[in-house]
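This is the structure I want to talk about, given as C-alpha cells.
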Amino acid sequence: MIKLENVNKWYGDYHALVDINEEVTQGEVVVVCGPSGSGKSTLIRTLNRLEPIQKGRILLDGQDIYGPGVDVNALRSRIGFVFQQFNLFPHLTALENCTLAPTRIRKLPPQEARDLAMALLNRVGLAHKASAYPSQLSGGQQQRVAIARALAMSPPVMLFDEPTSALDPEMVGEVLQAMKGLARDGMTMVVVTHEMGFARDVCDRVLFMDQGSVLERTTPERFFTRPEHPRAQKFLADVLSPWQGTPDASA
Amino acid sequence: MWEIIQTYWLYYLIGQYPEGPLGGLALTLVLAALALLLAFPVGILLALCRLSHYRSLRWPVTAVVYVVRGTPLLMVVFWAYFLLPSLTGQMTDQFNTMLAALVIFDGAYLSEIIRAGIQAIPKGQTESARSLGFNYLQAMRLVILPQALRNMLPSLVNQFVSTIKETSLGYIISLNEVSFVATQINTQLLTRPAEVYLLLGLTYFVLCFGLSRVAFWLERRLAAGVAHQ
Amino acid sequence: MNSFDVPMLLSGQYHDWLVSGFALSIKLALITLVIALPLALVVAVLRLAPIAMLRAVGVVFVEAIRNVPLLAHMLFWYFGAPEVLPDSIKAWLYERDVEAASAVIALVLYTAAYMSEDIRSGIRSIPKEQMEAGRALGFSFLGTMRLVILPQALRMTVPPLISQTLNLWKNTSIAMVIGVAELMYQAQQVESASFRSFESFAFATVGYLMISLAITGAAAWYHHHYPVRSA
C-alpha cells in the first residue's frame, strides 16, 4: 500500500530523515515511536506531501507520489490525516466539518454527504453533537470529529500524527477507542504515538525511530518485552517507568 | 446655529435631490459605502497576490501597494480626475472620479488589513484543509477567508469610518458631498462661518464616533465568542 | 498624448513653482511635527492621569478631533475661527500668512490627537507594577512618568509614531484647499498654466514618494536596530 524507498530529508544542513526503507501493507496498523526529534512526525508528514523530500521515492499503491502528472490534491483526498492539534474548522459545525470535503471535492449530493457524515459521527460516538461548533466541544470530542472528517473521504489509508498528545489524560481513552474500532474494521493505519498501551494492543508492527533513522522494526510483543537496539531499550525504560532508574548524564 | 439648521437642513442632508443629483450627507454616506464595498474585492485580490508563492505576482503588487500608500489620497484623486477621461474616452463626473480614487486607495489599505488577518490564522487550518485534498484557492475560500474576515470585522468598520472622512476630499473637485454643501451654505450666509463649520464638524463627529463605538462593541463580542474555546 | 516634457520639470518657471511647493510641504510637516509631538505627550499623560476631570479633557480632545476629517478642520480654522476673533487681532492675522497658520493649527491638532493614542498605547504596555514601584519610592505621578515609564515606553512607541509622521507628510497636501502654496497646490497651478497635467502630477507624485520611502526606510532601520525586547 505504502512503500518508502531510500527516503532522505534535510532541513538545511540537518539530516532529518536518513535512508528510510519501509513498507506498509494493506490492512496493517503500524505504530511509529521514538524520542522527540527522532523524525517520526516528519516521516508521517512526508507521506501526504506536507513535507517535501530531497531523495528517494514514496509509493502509494505503486504510484510515485511525486511522479509527473500527479495531482497533489487528488492524492491527499485519498489519504486521511489526523493532526495533533485537531485543526477543526471553527466557523463550521461538526457535521459541516465532515461534509465540506465530500460535497466540494467528491461532488457528493448534499443529502448523501450528510448521511455519510452522520454515520461516521455515529461511529465515533458523536452523532448527538452534529450541530455543535468546535468551540463547544471538548478536546477529545474535537479529535473524534477530526477522525470522522478524515474518514468522510473514504480514504484507503489513515495517518495519525500524535493524535492524543494534545489531550487531557481523561480524554485519551475515547480517541483510542475510536482508532481501535477503525483498526478492527481493517483500515490501513500509520500512527505516530506515545501511547504504548494502544501500540501493544492494536498494532501489527512497531517502528522505532531515533535521530532520523528507523532503528528497529518488530512485532509489538517483541518490542515491548525484548527490544534489541540499546536506544530502543532506553526509550522504553524512559517511557514506561520514568520514575525508575538514575538520571542519565547525557540527557 | 439653530436657524441655520432649520433653514438648510434638507439641502445639507440630501443636496439638490430630486431637482438635481444627490448631495450632502446622503451623498457622503452613499459614496463611502459604495467605495468600501468595491474596494473590498480589490483588497482581497491584492492581499492574495502579496501572499502568493509566485514572485511575478508578489513583487508588482507589493510595489503598487507601497506606491499607493506613500501617495496622498488627494494625489490619487487628481490622477483619477485627469486620467479617467482619457482611459474611458468620455467625461467622467465627479462622483465616479472620487469613487475610482477611493477604491484604489482603500483597496491598497484594505489589502494590508486583510493580509494581516489571513496571516493570523494558524497554519494548522491550511494544513488540514490541504490534507483533505482542497487546492490553495479552495482552502482560502472555504476555510481561511471566512475565519479571517470574521476576525477583521472591527478593523473593517474602522476602515469605513476612515472612508467617510476621505469622502471630504470630494470638496476639491466640487463634488456635492457634505463639506462642499456646508461651504455653499456658508457662501450664501457669509456672516456665520464659525457656526456652519462647527455644524459640519459635529455631523462628522456623530457619524464617525458612533461607528467607531460599533466597532468597539463588535470587537468585544468577537473576543467573548473566542473565549469559549 | 504628447511626449513627456522632461525639460519643463528640470528648469524654468514651472520647475521653480514645484520646487518651492515641495519645500513648503516639508516646512509644514516639520513645524507640525515639532509642535504636535510634545502636545501629543501632554494629551497622552492627561488621559492616564489619576484625576477623572483631566482624563475627560484628554478623551474629548482626541475623540472630537479624530472623528472629523482634516479637510473640515482646515475649513474651520481658516473660514470659521478668525471670524470669532476680535477685529484687531483679525486684522493682524490677515496681514500675516493666515492660510499657513490655519493649516498648521489644523495639522498640529489632528496629528497630535493620533500620536497621543500611539503614545498612550506605548505607556499602557508598560506593566502597572512599574508605576507602583516608582510611587512606592516616593516619586509623584508625573515624576514616575518622566523617570520610569516614558523612557521605557519610547522604544515601543517609535514605530507607530513614524507611521503617523508618514500620514502627516501626506496630510500636508490637504492644505492646498485653503490656498497654502505647497506641493499639491503648485502642481495644480502648473497644470492649469501649462495644461501639462501628466508632467506636473508626476513630479508631485515623485516628490511625495521620495519622502514617504525615506520615512518608511527610517522605520525599517529602527526596527532592525532597536527590536522590541520584552522583559
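Annotations for the structure displayed:
Letters A, B and C mark the chains as written, and numbering starts fresh at 1 in each.
The rule is simple: a contact is a pair of C-beta atoms (placed from the backbone, for glycine too) under 8 Å apart; a residue touches a chain by one contact, two chains touch by 3 or more.
Predicted, not measured: the structure shown is a model, and the values here were computed from it.
Common partners of subunit A and subunit B, by the touch rule above, are absent.
Contact analysis places B-C first among chain pairs (by count of C-beta pairs in contact).
Every chain gets a centre from its CA atoms, and the centre nearest the mean of all protein CA atoms is that of B. Farthest from subunit B in terms of Cα centroid separation is A.
Our note on geometry: subunit A versus subunit B, Cα centroid distance of 46 Å, whole angstroms. Per-chain Cα centroids separate subunit B from subunit C by 22 Å.
Subunit A and subunit C, compared by their mean Cα positions, are separated by 57 Å. Partner subunit B is touched in their complex by these residues of subunit A: 48, 50, 73-79, 81, 83, 85, 87-91, 100-101, 104-105, 134-136, 146, 149-150, 153.
Residues 1, 63-64, 66-73, 75-76, 79-81, 83-84, 166, 170-174, 176-177, 184, 187-188, 191, 197-198, 201, 204-205, 208-209, 212-213, 216 of subunit C are the ones that touch subunit B when the two sit in their complex.
By the touch rule above, subunit B contacts subunit A in their complex via residues 122, 124-125, 127-135, 138, 142-143, 146-147, 150, 225-226, 228-229.
The residues of subunit B lying in touch with subunit C in their complex are 66-67, 69-75, 78-79, 82, 86, 161, 164-166, 168-169, 171-172, 179, 182-183, 186, 193-198, 200-201, 204-205, 207-209, 212.
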